[in-house]
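Note that the chains are named A, B, C, D, E and F in the order they appear, and that numbering of residues resets to 1 at the start of each chain.
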Amino acid sequence: MHQHQRRLLTIVTESTIEAHLLRDIQRWGAHGYTITEARGKGARGVREGNWEANRNIRIEVVCDDSSAERIAGGLRAHYYDNYAMILYLSNVDVLRPEKF
Amino acid sequence: MHQHQRRLLTIVTESTIEAHLLRDIQRWGAHGYTITEARGKGARGVREGNWEANRNIRIEVVCDDSSAERIAGGLRAHYYDNYAMILYLSNVDVLRPEKF
Amino acid sequence: MHQHQRRLLTIVTESTIEAHLLRDIQRWGAHGYTITEARGKGARGVREGNWEANRNIRIEVVCDDSSAERIAGGLRAHYYDNYAMILYLSNVDVLRPEKF
Amino acid sequence: MIDPVVMFFLLGIAAGVLRSELRLPVQVYELLSILLLLAIGMKGGIELARQPFLALVPQMLAVIAMGFALPLLAFPVLLYFGRLPRTDAASIAAHYGSVSVGTFAVVVAWLSARDISYEAYMPVFVVLLEIPAILVGIVLAKGLGSGDSLRRSAHEVLLGKSIVLLVGGLLIGWAAGEEGLKGIAPLFFSPFQGLLALFLLEMGLVTASQLGTLRRYGLFLLGFGVLAPVVAAICGLVLAWLLGLSVGGAVVLATLAASASYIAVPAAMRISVPEANPALSLAASLGVTFPFNVVVGIPLYHWLTRHAYAIFGGS
Amino acid sequence: MIDPVVMFFLLGIAAGVLRSELRLPVQVYELLSILLLLAIGMKGGIELARQPFLALVPQMLAVIAMGFALPLLAFPVLLYFGRLPRTDAASIAAHYGSVSVGTFAVVVAWLSARDISYEAYMPVFVVLLEIPAILVGIVLAKGLGSGDSLRRSAHEVLLGKSIVLLVGGLLIGWAAGEEGLKGIAPLFFSPFQGLLALFLLEMGLVTASQLGTLRRYGLFLLGFGVLAPVVAAICGLVLAWLLGLSVGGAVVLATLAASASYIAVPAAMRISVPEANPALSLAASLGVTFPFNVVVGIPLYHWLTRHAYAIFGGS
Amino acid sequence: MIDPVVMFFLLGIAAGVLRSELRLPVQVYELLSILLLLAIGMKGGIELARQPFLALVPQMLAVIAMGFALPLLAFPVLLYFGRLPRTDAASIAAHYGSVSVGTFAVVVAWLSARDISYEAYMPVFVVLLEIPAILVGIVLAKGLGSGDSLRRSAHEVLLGKSIVLLVGGLLIGWAAGEEGLKGIAPLFFSPFQGLLALFLLEMGLVTASQLGTLRRYGLFLLGFGVLAPVVAAICGLVLAWLLGLSVGGAVVLATLAASASYIAVPAAMRISVPEANPALSLAASLGVTFPFNVVVGIPLYHWLTRHAYAIFGGS
């Protein structure tokens, strides 16, 4: 079974900005995304997720290397400073490369 | 601490087929799985997760390489064409290899 | 865009022990964590997540290699034998290494 | 004037179309549907206990027959006029042959608000109509050789959420009776209309999200989504007249015939006829037929019934 | 006839055993348990305000003593007859020494449906019985040297959901009184039985999922799960008689003694005695004792109480 | 005596401060806020239908003017006395210029419990006061050149959950009238106080989690969070007197002026003024002002109103 390497970009951030964020990452090259509800703790404190102002979402985007760079760069430029957000990238193998 | 390499198979798909899918992936070699509720967007459009027909689930299976191949192959043969589904594989290190 | 390699530690376990576990992994070196609600199946049977006693949580920690080792070791020593738990590690690239 | 519960539906559609950020958690949707299904079942069961069961058997058989007939009527239209692939035609036919419990709840609330009585054992018909169309749909899609798949599907629908709660409610209502259920009425019966209003708010939001698909698939679905329920309602009305139902009962049966499933059948089709495109059938059943029935259809079927009963006789 | 709320429980079990896809979102389960705990607490508090508090102190001490005694009674049976490992025996003993709020709600609904009055401050006993057995269980598992662990456990149970809501409800009920709480009655008091019915539907589903474990662990658990509550109920009944409780109060205290925890204690044991297998204790308390009490036990304890009170005197 | 709904708030705070494991699922929080917003809207709409609409326009304009004025008053205080960065001062000013629907619900329940009548179309003012302060806040943070951002923000707030549900409820209440909504009253109106109690329990838990932040940011926030509402309440009271509102109406308008948003405004500021630290504004509005208003403020504003009206005349 032939496998193709892609990048998996995972973002954890405030749910308040979901709509804007999704619009932007698609503009920067994401063909799709998967969202799960999350809570957590980081430099900006505990986000318990028990109330609209402190819910997190965890967004995953599978894409090619250059899109991943573009999205990560865009997020760093436009979101990093002002929002609770982490972001990491890893390598994944997919079966249908044309989808991503 | 000795670590052993395994494959992590992640599937995002429609929640409607959960029962059948779980039965199949266990038949194809999964010893366990973890499910989280998800929503997202892909080639088959937005799946908002606000209603039974458009909920996604995200399934993770840690297994050895050959099981991963078998499961991915089975999913491609039996599910890919007709269901909203993506699937990707990555390498992970585990501490207790006998579990997977 | 310069990227730095870190370890991503993923733990799936019983939600009952959340508070204790979070305290411990922070003591062992985690600067943050992300939690999602999960359910699943493993050696200790099906955990459907429909009731307080059988809910799982999925915890992710991004950290440096030595913290990852320490946390994984601590979990193995203090939790592995008595709790439904799996744990795996993978490599991820981050943009702001100072956060983790 | 429009019924308040329908206003909630329109509010949901408006919020969805305007891309408001209003969202009901899916768990609230689930809770509402559980409460509504149980309440409908129990009300039917209470009434069933008051009837001689055997006297209902002929009616029940006739209703089941209608459940088999309706999708067979819809299928050729979808195939030849709609030029849809066989599997899609079969799947949509199954949706329209089966029923929507939400629509049933609305017609019941509509009649109550107008003090129009109806045969209160109608929830039994909801149960009876839910399944036959699914079986027909699978056979239409896969041919008669699909016995195994049929059996599995029937099994799955029987154990699906809606049937279990409706039948469970029926049995509890039947065993406990109105008096026995007085204690739980403040959760299930008194707030019924409020629960329905909230449910319709959510269905409005979901309906709005179907409108995009609808646009993509053109006029045929729109026309089918409006005409099919009217034709089916007339079938239901004729059957009701033949069975000697009251005006209220005829309106309910007509509405059941006119309604298209958007819960049990989509799930069953997804498993048994996976090649069928679910966007298509949901756009029609939820994006067109559900709002049509709720806003226009029910008053129309009542109007038709009154005139038909006036002309041909019947109470 | 079976109570309607119990029918919901049986419906849940049936749906679970038949592998129906019916599922209640865990958030609904949480909402229901929050509402029930608060309502029970407030009802107790309202009544408590009507009593001279000091007069209750002796009763309260006696009930606490029973909370310490019951697990000590169960432990040797589990250890010697059940041949269970020490930690499992201790953990199960703690489950059975403590109480189940769900069972308490059912007995209260059962008595109300039959217009049998009882000492309405009983929720206080629920609070008092919840904790001692946990402490005993930890000592039995780990020896008396476990002081630190004990303190932490007591602290955690005291701040656990059930105690906080019960005690919070008690205080609110006590401070506001029946009159003061009239405004919130339509959410907490009137739909109480309906909420309980829905809660039992969910518990039925959960119970069904325990039956597999039960089969694996054989007959001893089954026997223990049926006999332990009967023996405990008799202890409770004797104590009630000694304390001069009414027949209704005796039935409640007997049922509390008979009931086994499946919320607070499992959580506490998971943390303090992690070596104990939770499948074992839950299979017994939830898979056997809860259904036994709900379906058979409560009527049985009422029958026993009436006869005992008739023979030995008491109202 | 403290109102029972406030006791639930205190229970939530106590549970949070003691680090109890009590948690309400966020879906329950969402359900409660949806029900409360719709109920408040519908009540206002019912009343609106009874008024000549044009007669209210002057009052509405005056209230909108207050919505623009209040944040302009708060801003310099925050900037010069608080020595806060411009963006934070602007964001906090926006929070305090806008309103809290939760506080509105509490004052309404408080007045009802005391049989004090008020102009029942007050929910209209809630809607009118929600938005102006947001626009002012953005201009204060970004200057008048922020026209585009302003338009987008206004759009987003208009389509946010609170406005859609309040306005939707208003329209439904207005169109259906009290009689028309009788069917849904058992879900929306009768349990209103109970729903509010549960909502306040959750808000208590959330408030407790703000206390940590509060400690970090020192005394200024605490002082501002107590004094700002009192000053704003006096503005509201004066306006009410000028508009000829009843004592009850004046208490409501004073409380609205005194209340600080913790739902709509935080979300809008997060998007439009992301540089502002949300921990700061939430610690003040939710950690100080909300509890202050609910526990102390409302009775205080009532006391002030009664005396002011006694001195200056007014009913």
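Basically, contacts are C-beta pairs under 8 Å (C-beta built on N, C-alpha and C of every residue); 3 or more make two chains touch, one makes a residue touch a chain.
All values reported here derive from a predicted model rather than from experimental measurement.
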Separation of chain C from chain F in touching-chain steps, minimised, is 2
Whole-angstrom distance, CA centroid of chain D to CA centroid of chain F, is 42
Two or more other chains are touched by the chain F residues 21, 23-27, 186
The positions of chain A in contact with two or more other chains are 36-37, 90
Every chain pair meeting the touch definition is listed as A-B, A-C, A-F, B-C, B-D, C-E, D-E, D-F, E-F
Per the touch rule above, chain C residues touching chain E in the complex are 14, 16-17, 20, 44-46, 48-55, 81-83
Listed in rising order, chain F residues that touch chain A in their complex are 23-26, 29, 202, 205-206, 209, 213, 262-263, 266-267, 270-271, 274-275, 278-279, 282
Residue set of chain F touching chain D in the complex reads 25-27, 30-31, 34-35, 156, 159-161, 164-165, 168, 171-172, 175-176, 180-181, 183-188
Residue set of chain B touching chain A in the complex reads 10, 12, 36-43, 56, 58, 69, 72-73, 76, 80, 86-90
Within their complex, chain F touches chain E through residues 1-2, 4-5, 7-8, 11, 14-15, 18-25, 27-28, 109, 112-113, 186, 190-191, 193-195, 197-198
